[in-house]
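Some structures to go through are shown next.
You will see chain A twice below: alongside chain B first, and alongside chain C after that.
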Partner chain A sequence: MNKRGLVNVAASIISILLGMLFGFILLEIFNPSAALNGLNNILTTGLRTPEKFGKVLYTAAPLLMTGLSVGFAFKTGLFNIGASGQYTVGAFFALVAGIQFGLPWYVCILAAMVGGAIWGAIPGLFKAFFNVNEVITAIMFNWIGLFGVNLALNNMPKMLASFWGAPYKNKTAAISAANKSALLPKLGLDEVLNSPYINIGIFIAILFAIITWVVLNRTTFGYELKACGYNRNASQYAGINAKKNIVLSMVIAGALSGVGGALYYLSGTAQYVIEKTLLGMGFNGIPVALLASSNPLGTIFSAMFISYIQVGGDALQPQFAKEIIDIIIAVIIYLSAFSLLIREIITRVGAKKHALQENGKGADAK
Partner chain B sequence: MMLLADILSSTLLFAIPLLLVALGGMCSERSGIINIALEGVMIIGALISCLILGQLNNAYQTACKMLEAGEGLSGWWALVYRLIHDAPQLAVFAAILAAALAGVLYSLLLAFASINLMADQTIGGTALNMLAPAFAVVLTWAIQGQGNTTILIPNWTRITVESSGAVYGAGFGQSVQAFFEKFLFKSMYLTTPIAIVLLIAVSVLIYKTRLGLRLRACGEHPQAADSVGINVYKMRYIGVCISGFLAGIGGLAFTVAAGSGFQSTVAGYGFLALAVMIFGNWKPLSILGASLFFAFFKIIGSYSSSIPFLPSFEGVKSSEYIYLMLPYLVTMILLVLTSKKSRAPKAEGIPYDKSTR
Partner chain C sequence: MSDYVIEMLHITKEFPGIKANDDITLQLKKGEIHALLGENGAGKSTLMSVLFGMYKPEKGRILKNGQEVKINDPNDANALGIGMVHQHFKLVEVFSVLDNIILGAEDTRGGFLLKKEARRKVMELSERYGLRVDPDAKIEDISVGMQQRVEILKMLYRDNEILILDEPTAVLTPQEIDELMEIMRSFAREGKSILFITHKLNEIMAVADRCTVLRKGKLMGTVEIQNTTKEELSRMMVGRDVNFVVEKKQQKPGDVVLSVRNFSVKSRVHKNDAVKNVSLDVRAGEIVCLAGIEGNGQTEFISALTGLEKARSGHVTLCGKDISKASIRQRSIAGMSHVPEDRHKHGLVLDYTLAENMVLQKYWQQPFQKHGFIQFGEVRRYAERLIEQYDVRSGQGADTIVRSMSGGNQQKAIVGREIDTDSPLLVAVQPTRGLDVGAIEYIHRQIVGQRDAGKAVLLVSLELDEVMNVSDRILVMYEGEIVGQFDPHEITVQELGLYMSGAKRQEVLL
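Right, the complex of A and B next:
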């Protein structure tokens, strides 16, 4: 790891420690007698039993995918606030492939990629060809995607749990009842960890993180995408097709979010619930990406971390609201805004020292 | 006719939070700061004002019980009783002020990070958006007890025909009078007239005052503004504070419109307001039009089953979702049609660094 990377990691760790401290202070204010135990719960629940650890890995997978999606868009100069919609549409495509058409899990994941990519392409196309800010389009299409998916599910009787003999009308069918081959393989991990949550989803997500890193940092294609993000005009001058790259960035970001939806709902432990509120998983991708400074490999750790303290947060109830965890994450991100400054100071001081040494050498030679 | 009055009344009710918050976003962006934290600011404004209204209501209920029991009221109890009983709108006004103040304080966090520390405005805004609902849940949980995180809006906050004391459209016959009463008083809160006053105030401030001119200059070309002696940092602080002021009130306006009390969320209205602001081309009057337009289509969606001439999509189950999508689809189409004319403040989103002058 180079020096810049080290500074980044150090800044993130300082932010995390300060965020935790802030969380502890809140615990102390709201319920002093339970505060220490609460902190202990946040910090250790995720590792207390293999089952809890399985849950950490299970929720980390979709978080990692939406985090990658947001981070990838950040790297190419776009703000993908539409991860929620892409995640929803991706989940829908995966579930349709699995339940309606009885396809195996890997086809479901491909379907989810296509669904997410379509939903990601829309803001990209609007930005490239109509000059509409991608943030606005993405916000609009989060809702359109949610309502569209709900509308479609209500008109596909086979998709609903009620078709398969379950009493719910507002949930999709349980995959284990409808099509066992669409379940993500567990490879016996569920028996090792004694946790129903664990499956290969987290490994698929990590694989995607590595691929994303390679594409961004080791290919001409990734370089062009990043160049467009730094300066659209300059890259156009250098012969890069900026419009095409904007759309492609959003397509890839959308596909990543879509896979997140597939990983979450193909696990067999979650069923899509038809509701009128946007899914939070897409928005949680934003802190995951920010915490990792949008680095795909860093995202692996930030997704694990956020999932870990969220599992810890569930153990806080009923003495505290589990939203204390969200406060901690928010504080960490807010502080990471400071750390940009810290980073700059460190590099500036470094550069000054360097310049002084150079000057000194010049004087000696004279 | 009555249905029309219903729809118009609800349209106005839901347009008000969009209008206020979009105006706030405009003030901030005109000074050069993208305030993506509007959603969070709304929640904080709503939280503080609803807490105040809720606590006042509790005190009022206690005072009422004391009266019923035949006890005399004294000091604090007498004060609260007289306030709520005789002048409830004064209490609402105090809550609105508190919402505005809370919004200003909360948005200062964004201002500090993005102006002084030159941090990425999206990052700071995202953090504040995440912090606000979580903080609201934790605080209401701590105050009201486990799991009970809804703050109900007391009945006396609504302005009714009786309490306003005026007669509207009386000269035009019974049906017109009934129409006006329904349109104006089906759901009228103090936030509505205040929003209209604020709309005028903001328009004047931005276009007719020296401060407004300076503010706009900092959003277009801060280096040039600095070179003629305008304090860019100060202007941007003012822009962000105004946006916090308006968005805080907008949060309360949303909560009274939603009707089911404060539940630590404003259902994405902060983000929608950003869309309305862009749709309104960063101009106050266009923003008014855009928010009425969006709210109208949203209300059409929720009234779809009772409007006779709308297609009912026979054979499609849960066709209400088609209408729920409508405002978003129509807004997108209009954005495409008007995007050629759309012009954002040039320097928005870029931290001002004196050394780049």
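Right, the complex of A and C next:
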């Protein structure tokens, strides 16, 4: 690893530790007697039993996808805050393919890619051709996506759990009841880890991370995308079609988020709930990407980390209220995203030290 | 009482790997214009940053009127009456001129700005020194020359006695430069002291009293301008004799390579055309120079010619092929190289490595690309050859992030990249802007080399020296039209100036 990469990793680790420290202070404030035990829970739950570890991998998969989505757009100079909407629409496409049409899981994932891609393409098109800030369009499309999907589901009786014999109407059907072939394969991992959550989702996500890394760093397409991101004028000067690349970048980012939605809802352990709140998974992709400095391979680790913290946080109940746990996790994630600042500090301190050493050498020489 | 208002004694400032200032002494007299001369990277800016409190030197003292002072930040410098105009202006684009001038030194009563009094003081200063500005105009709407006046007024408003001007003429037109020099002289007459950072020898000879020369971080000496010559100064600065006259032999132009007919381009600011019905030819083996004062349509003409923006009407033919509607990439394939006006905006991806920048137009061609994958080995090999051949200096060779390189070397990288494409046509826009004499000499040699190799060169320049020295044929552009065509041997600079300012025009026949 080169020096810059090393600094990035160090910065991420330091900011994670800072986040932990801050989280601990909050635990102390809310419930001093349970604080130490609480921290212990956050730090170790994820590894305590194979079952919990299975859950870490299970939530890491969609997080990794939305993190990749946000990071990919960042590299191209775009802020994809629309991951939530793309994730929702992707999940919807996957579920429709699986439940309504009874298609197998890999077709469902392809459908999710298409859905997410469409939802990413629209802000991209607006940005490229009308120079409308992608943040604004993407935020609006988060809501349009959410309510559009809810509206559609309400009018597709076959999609709802009630059609398949369950008592409720505000959830999509359990895939295990509707179409077993749409379930992500478990390859026996569930028995090894003794966890109903684990399936091949995490491997699919890691595969996407590797592909994304290769595309960004090894292909002419990635070269063009990054050139556009760093300096749109220069990429235009170089004969690169900046508009095309902005749209493509958002299409790919959307597709990645869409796959995230598929991986989560095709696991068989989650059902889409018709609610009026945006899905947090898309927004959590932002700290995942930031923590990894948008590096697709780094995203694998940051997604695992955030998932690990979330699983640990769930174990804080009942000594801490659910909301307080959310706050603590948010604080840890928030401070973890300070890696940029920390990186800056490391570089500066490093430069000073280096200068002193050089001085020392100079004095010796004299 | 000392003779000097400011003395910087034995200043040493080190950065990792280099001594940017090595035992430098600079003494500034009251009421003098003191030039600080040196190539890019000689340590001028570092020295001024030390004086301005932005760097702390490892060794050395600073004296004001014989008293030792400590300058820890720009506020300290300001309190001592030291003001600085940076090369890249520090203005708030969306604020008015007046707001920018008072920013940071606002007079208030009860928390409210006293703008009326500020306005009166600014107008008074503006009149006294002939620094005409519109206090209510927004910075983003006024010209670069005007912005510089605002920067100068900022210093005056703060009652600064010691004025540091960092490369003040780099962005100005010849007329504006003359005005600036007059303003500098009037400051000096009033007893203000001026430190003038530059690498333009003509300006030093014209306006400075004394000159301190730096080379590679070391002090070469301080000389009285009366007792020196341009040649001596340049020898001190570069360490060898510099050839001011571009050597080139007579050559007969060949076939027409670029032909532009009835070219019109819309303006970005107003409703009229910025380029009006321009026709011109550039032949193989000749350098045609498009001369003119900044803002007379040259930028728009080149943008449309190279495909960065659309022409409203007209035709462009390159090597017999109509490229009027071609994309930038198609033009580049058809044989057009372009050294752009703004190297940071268009010429380079600053956060890419030098190697990645060297293939900016070629990354998609063999052998740099195979099945959609970039062949980094080939890219590096190619970049290393260019770096070697065009003497591009940088910290880590091909792996250097371009942002960290000096302006001169960035420009050399662009020129090298564009020349190496071996295109029949080279379009170079102000290729030497902001560079030191060594680099200018080098780039001029490269351009003339292209011409000698039978390439057609279209050069856009604001520097009259460059226009006269390098070109084989001069076309003067005024308000979007070609108003004169000359042989550089048959016209004087003064005469050329009349055409450039619109006082004279001739019918240009192709």
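The definition used in the following text is that the second predicted complex is superposed on the first by the 320 of 366 C-alpha atoms of A that agree within 3 Å, B and C clash if a C-alpha of one lies under 4 Å from a C-alpha of the other, contacts with A are read in each partner's own complex, and residues count from 1 in each chain.
As a convention for this text, contacts are C-beta pairs under 8 Å (C-beta built on N, C-alpha and C of every residue); 3 or more make two chains touch, one makes a residue touch a chain.
These numbers come from a predicted model, not from an experiment.
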{"item": "Touching partner for A:I136 - first (chain B), second (chain C), both, neither", "value": "first"}
{"item": "Which superposed partner A:N154 touches (first chain B, second chain C, both, neither)", "value": "first"}
{"item": "Which partner, chain B or chain C, touches more chain A residues", "value": "B"}
{"item": "Which of chain B and chain C A:K276 touches, first, second, both or neither", "value": "first"}
{"item": "Which of chain B and chain C A:A321 touches, first, second, both or neither", "value": "first"}
{"item": "First, second, both or neither for A:S33, with chain B first and chain C second", "value": "neither"}
{"item": "First, second, both or neither for A:I333, with chain B first and chain C second", "value": "first"}
{"item": "Touch list for chain A against partner chain B, complex", "value": "26, 30-31, 79, 81, 126, 130-133, 135-137, 139-141, 143-144, 147-148, 150-151, 154-155, 276-278, 286-287, 290, 318, 320-321, 323-327, 329-331, 333-334, 336-338, 340-341"}
{"item": "List of chain C residues in touch with chain A within their complex", "value": "14-17, 58, 308, 327-329, 332, 338, 340, 345-352, 356, 360-361, 363-364, 369, 372-374, 376"}
{"item": "List of chain A residues in touch with chain C within their complex", "value": "218-221, 223-224, 226-227, 230-231, 233-239, 351, 354-355, 358-359, 362"}
{"item": "Interfacial residue positions of chain B with respect to chain A in the complex", "value": "36, 109, 113-114, 117-120, 122-124, 126-128, 130-131, 133-135, 137-138, 141-142, 146-147, 149, 267-268, 271-272, 274-275, 278-279, 316-319, 321-322, 324-325, 328-329, 331-332, 335-336, 339-340, 342, 344"}
